[in-house]
Amino acid sequence: MNTFGRNFRITTFGESHGVAIGVVIDGCPPGFSLSESDIQPFLDKRKPGQSDLVTPRKEADRVQILSGVFEGKTLGTPICLLIQNTSMRSTDYDELRELFRPGHADRGYMEKYGIRDHRGGGRSSGRETAARVAAGGVATLYLAQYGIRIFGHLLQVHGETTPEGIEKAIRTARDNGDSVGGIISINVSGCPPGLGDPVFGKLDAFIAYAMMGIGGVKAVEIGSGTMAADMNGSEHNDQMTPEEYLSNNAGGILGGISTGQDILVRLTIKPTPSVRAVQKTIDIHGENRDISVHGRHDPCIAVRIVPVAEAMMALVLMDALLEQRKIFPGFLKES
Amino acid sequence: MNTFGRNFRITTFGESHGVAIGVVIDGCPPGFSLSESDIQPFLDKRKPGQSDLVTPRKEADRVQILSGVFEGKTLGTPICLLIQNTSMRSTDYDELRELFRPGHADRGYMEKYGIRDHRGGGRSSGRETAARVAAGGVATLYLAQYGIRIFGHLLQVHGETTPEGIEKAIRTARDNGDSVGGIISINVSGCPPGLGDPVFGKLDAFIAYAMMGIGGVKAVEIGSGTMAADMNGSEHNDQMTPEEYLSNNAGGILGGISTGQDILVRLTIKPTPSVRAVQKTIDIHGENRDISVHGRHDPCIAVRIVPVAEAMMALVLMDALLEQRKIFPGFLKES
Amino acid sequence: MNTFGRNFRITTFGESHGVAIGVVIDGCPPGFSLSESDIQPFLDKRKPGQSDLVTPRKEADRVQILSGVFEGKTLGTPICLLIQNTSMRSTDYDELRELFRPGHADRGYMEKYGIRDHRGGGRSSGRETAARVAAGGVATLYLAQYGIRIFGHLLQVHGETTPEGIEKAIRTARDNGDSVGGIISINVSGCPPGLGDPVFGKLDAFIAYAMMGIGGVKAVEIGSGTMAADMNGSEHNDQMTPEEYLSNNAGGILGGISTGQDILVRLTIKPTPSVRAVQKTIDIHGENRDISVHGRHDPCIAVRIVPVAEAMMALVLMDALLEQRKIFPGFLKES
Amino acid sequence: MNTFGRNFRITTFGESHGVAIGVVIDGCPPGFSLSESDIQPFLDKRKPGQSDLVTPRKEADRVQILSGVFEGKTLGTPICLLIQNTSMRSTDYDELRELFRPGHADRGYMEKYGIRDHRGGGRSSGRETAARVAAGGVATLYLAQYGIRIFGHLLQVHGETTPEGIEKAIRTARDNGDSVGGIISINVSGCPPGLGDPVFGKLDAFIAYAMMGIGGVKAVEIGSGTMAADMNGSEHNDQMTPEEYLSNNAGGILGGISTGQDILVRLTIKPTPSVRAVQKTIDIHGENRDISVHGRHDPCIAVRIVPVAEAMMALVLMDALLEQRKIFPGFLKES
């Protein structure tokens, strides 16, 4: 289950502190211009160490195209993108070899597999998302040809909704060796109507699947989201005229199919679980232990999930676009 | 995309006002006791006409096993469950042949397929969920053998959280020819640790996919859900002792893998889009029209989504259980 | 694993002597004319009792469309086709409840599942192929719109290659209570170039998978087939001019992709395992038994596999055609 | 479609003359001992330049494990195996940039994708099979734990069946700048009964799919194979006693399920299409051209397909073994 998508399929691999991480993209249409320098900006946007609001870890995150591109064009064959792991201070994690960090996947991997790579979360590390961002970059570039654009924003952190308030909340958490949760929005403009398939291929269902599959996401809302609970039908329905919809409570998706309106998605991200406060936990022998996690951690992981969520949205839309072409030959053909 | 699941795969079929609806279950373990009378109670719980809070439509919803069961035991071969459509007053929908109802999938199907069955929503009708409930019933019975139990509840309607408040809110909406949204919870007890797969097979990602794939769901929350946005990491982390977890903000899932705690899920459901109020819409020719939807509709579809969401949860868990057995032979073997 | 195909997916269900057999087709393009009387001729061609060379069993095999078609056109939603089982003389099989027939799947089902429906082979019966033929009929009709046509022929039986020789060989086997094997060809004309995908989606690989999945098939050959073993490269290569290929040893497929030449496939079918001769076998208790199978059996199952293999070929091509449309929008669009 | 398998899924990538080729294995059970030196011998067996009967090209083919293994054990996470391309004399292929070689996939890729990597066949090159062999090696090692062993042999070349005859036939072809076809067998011992799933998951169907997906394979036979056409049922049936089957015409598979007997498969391989003889072809502009292919080619590709076919067999069995564990917890558990 390291593959995402039906038509534009990505398979990611790599542990946080292994040799490299990467992704194989299968199903990318041929003849599409693509180079390493096209993909690199997506990784640069995600990488840590760019401001004092995120982890000071440095990761070069240089993407290398191993296959599927020839003389600057995609071949239609699988595209393998590789990112070497260069900033691996595994010794940071030696004390975690036998300890399960609260709020982390440590114990789950051990209970599931009977074995785990304890260094930096191994496969459960946020580092794996670099591979998704690289693949999502390819999809984003492809969708842009048709005017489909994806915009992610940080909306709220610890109750704060202004840039200054958000910045202050993050700094406070960082200075306390603590962390804070947040809300981000991922919106899409230019999406054509007709994407998404009933009944188990609904566009919003795939979006929910894609987004909840990002570590730390605790809630996915489409359009009106949780506010729908307090509304009447007469108020929630998006009325139509020949020119437009008069509102967008649907969030651009009705019955699982895109309406052509902007797609509106909101994600709630939990606070980073790595905190300095002493917490109760157990070790691999089941014994009582106290833990205080040090090291270079993001005080608000929501900040860094924005480009990952954008990438996942691009992957969902790319997949739905190819799906629709099967039954509707000529759908969104390049002009 | 009418198939759900990797290991316990269900494929549903049937339009609301066609001959029948049904489901084929592929991958059910052999030798499991199953009869029509085992499945019928799940459908009875879902079917309309049971109180004055739901649509007075009568649907017999008798399930028939067409295959896969022999002398009272599953064969390991596909189980086809059929439900005849008996209460088909298609003429109710004649006036909707050319009209797109706001808040419905009508226009989306037309834009996607260029054709649609306008009678009662056709394939996008809530009626399709009877097939899911039948299949989910089989999964629920199987899981119960291992002590895994699923509980759905209506938590909130139009801001009300007490039974009387909720009842009143629904009656008011019904009397006004309007509808109301709501929030339901779907919890699981007895789930073993180790279910769910990183990175694109996360248990919470599949739950989000399954739940957002139910018509009308606008938000899916796991554990702390949207409240995580306002929390600190030191507060959100679920500390552990050898005996137990000290809280359950994770909602029973960490890193996409079940922890063994109760699984806690919350869904927000939009108000039923069929309302009596006159609303602006367009017809299939793109012309301005006014619409007022009459007929036998649920004033609060959240009520009736409870058994559907329970069924989807059972399907997700059943699938994850079989997946885990592949790598962990003997996992949850019957004793 | 009762589903075939990636894009035009069919899921069959039903035991030989259960209530009914059927198939759900998911992914059929919308707006395509389809009725029960369009599909029935495919089933009629397959059904037994049509000459004295096949089993005298009578099966009405009336197909019923349960979903996915509205006012004579496909909706793009799943098409369920149902065939009631009407000629069920289960008592024919009472003596087989505890006996494993040589050359049959009886023992395999028991060893795999620990349970089986012993009546007429249950799910392993050739009867299941009626569902494939119904689904294949839909694909065949769709492909015919583009001039793609499939032709199956009986080439050889027990060493005989003329109609009279073949007829005599079958009658002799029948009169002796024995059976004979044979070879059939399945050819395709009008197939466009470009169908099939490297490297695990090769058109010939899917054909081999589809054909070897028909009960009784022991060999699949493409183009030159087994004769290629004795050829030189200079002889086997199909030379090209701007107008045409000068030979067709490839059988219309090179590197897994259709060339536009006729697709040439040959299948070897084993003799029907149900024979009157007394043979050694064991029962479900592992005890020595003698068996002599009576009843209404085909003396040469190759005869009846022709329409099944045609159906499977149609399903493979239909699936590949939809696949190609994803990357090549407008591929084989209706003019 | 560069992914093979349902449970033990491999995704290969890489063009013949690109930077590297490789494979991602998803679904390998955790806790299994694995190192680069365990896998290397499988690649060594496949690599060219080992005798004067195969191409004198030198390919180092050193495998590198990029992920999924930690401290000598598999983690249950995806295993990426990488093989750098070191012997890339792309200039050998400059004259082929505009030319379609007869018997090759050149023209098919161009017609399918509108673009191709002309260097050494790009993705259609036999070089891609090194990735399969590496993945198959992992499966082979896993299966060996349970006593399941796979044996490939060269049976026949150009009508010759003795080692000396075969050697002479290959040398003669090589000296003439020509090539020869052949037949190989792939047999399995120690396979437990119960592997394979009706009806579209038959073990023999997957074997046919896997084998026909190897470039150059023109026929796949199971057990009696093409000989079944001339046999009677009373002769073809494998009679049983409590101790054993009395023959193995089934080739170890009945009704798609393994019987526990040896699995017997035969493949016919076409002669290598790269020959020195002048042949008619066309170029990418559709013009008449003559072609004579020089360079370092295998005179009998059948020789080198043996380890590839062994690898594919291992992948099929590994996948079926994991599948069976889902419904039969504890199946083939390590003792």
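Points worth noting:
Order of writing sets the chain letters: A, B, C and D. Residues in each chain are counted from 1.
The rule is short, and it goes like this: a contact is a pair of C-beta atoms (placed from the backbone, for glycine too) under 8 Å apart; a residue touches a chain by one contact, two chains touch by 3 or more.
Note that the structure is a prediction, hence the values are computed from the model and not measured.
Residue numbering shows that chain A and chain D use the same positions for more than half of their mutual interface. Of all chains, D has its CA centroid at the greatest distance from the CA centroid of chain B. Between C-D and B-C, more C-beta contact pairs are found at C-D. Chain centres here are Cα averages; for chain C and chain D they lie 26 Å apart. Taking the mean of the C-alpha atoms as each chain's centre, chain B and chain C sit 37 Å apart. Residue positions of chain B with contacts to 2 or more other chains are 1-3, 12, 27, 30, 76-77, 112-114, 123, 198, 323, 327.
Taken in their complex, chain C has these residues touching chain D: 1-4, 12, 100, 102-109, 111-114, 123-124, 128, 156-159, 173, 178-183, 193-194, 196-202, 204-213, 215, 218-242, 246, 249-251, 254-260, 268-275, 277, 279-282, 286-288, 323-324, 327-328. Against chain C, the residues of chain A that register as touching in their complex are 7, 27, 29-30, 76-77, 198, 322-323, 325-333.
If you check the complex, the residues on chain C that touch chain B are 1-3, 9, 11-15, 18-22, 24, 26-27, 30-31, 64-68, 70, 73-80, 82, 112-117, 122-123.
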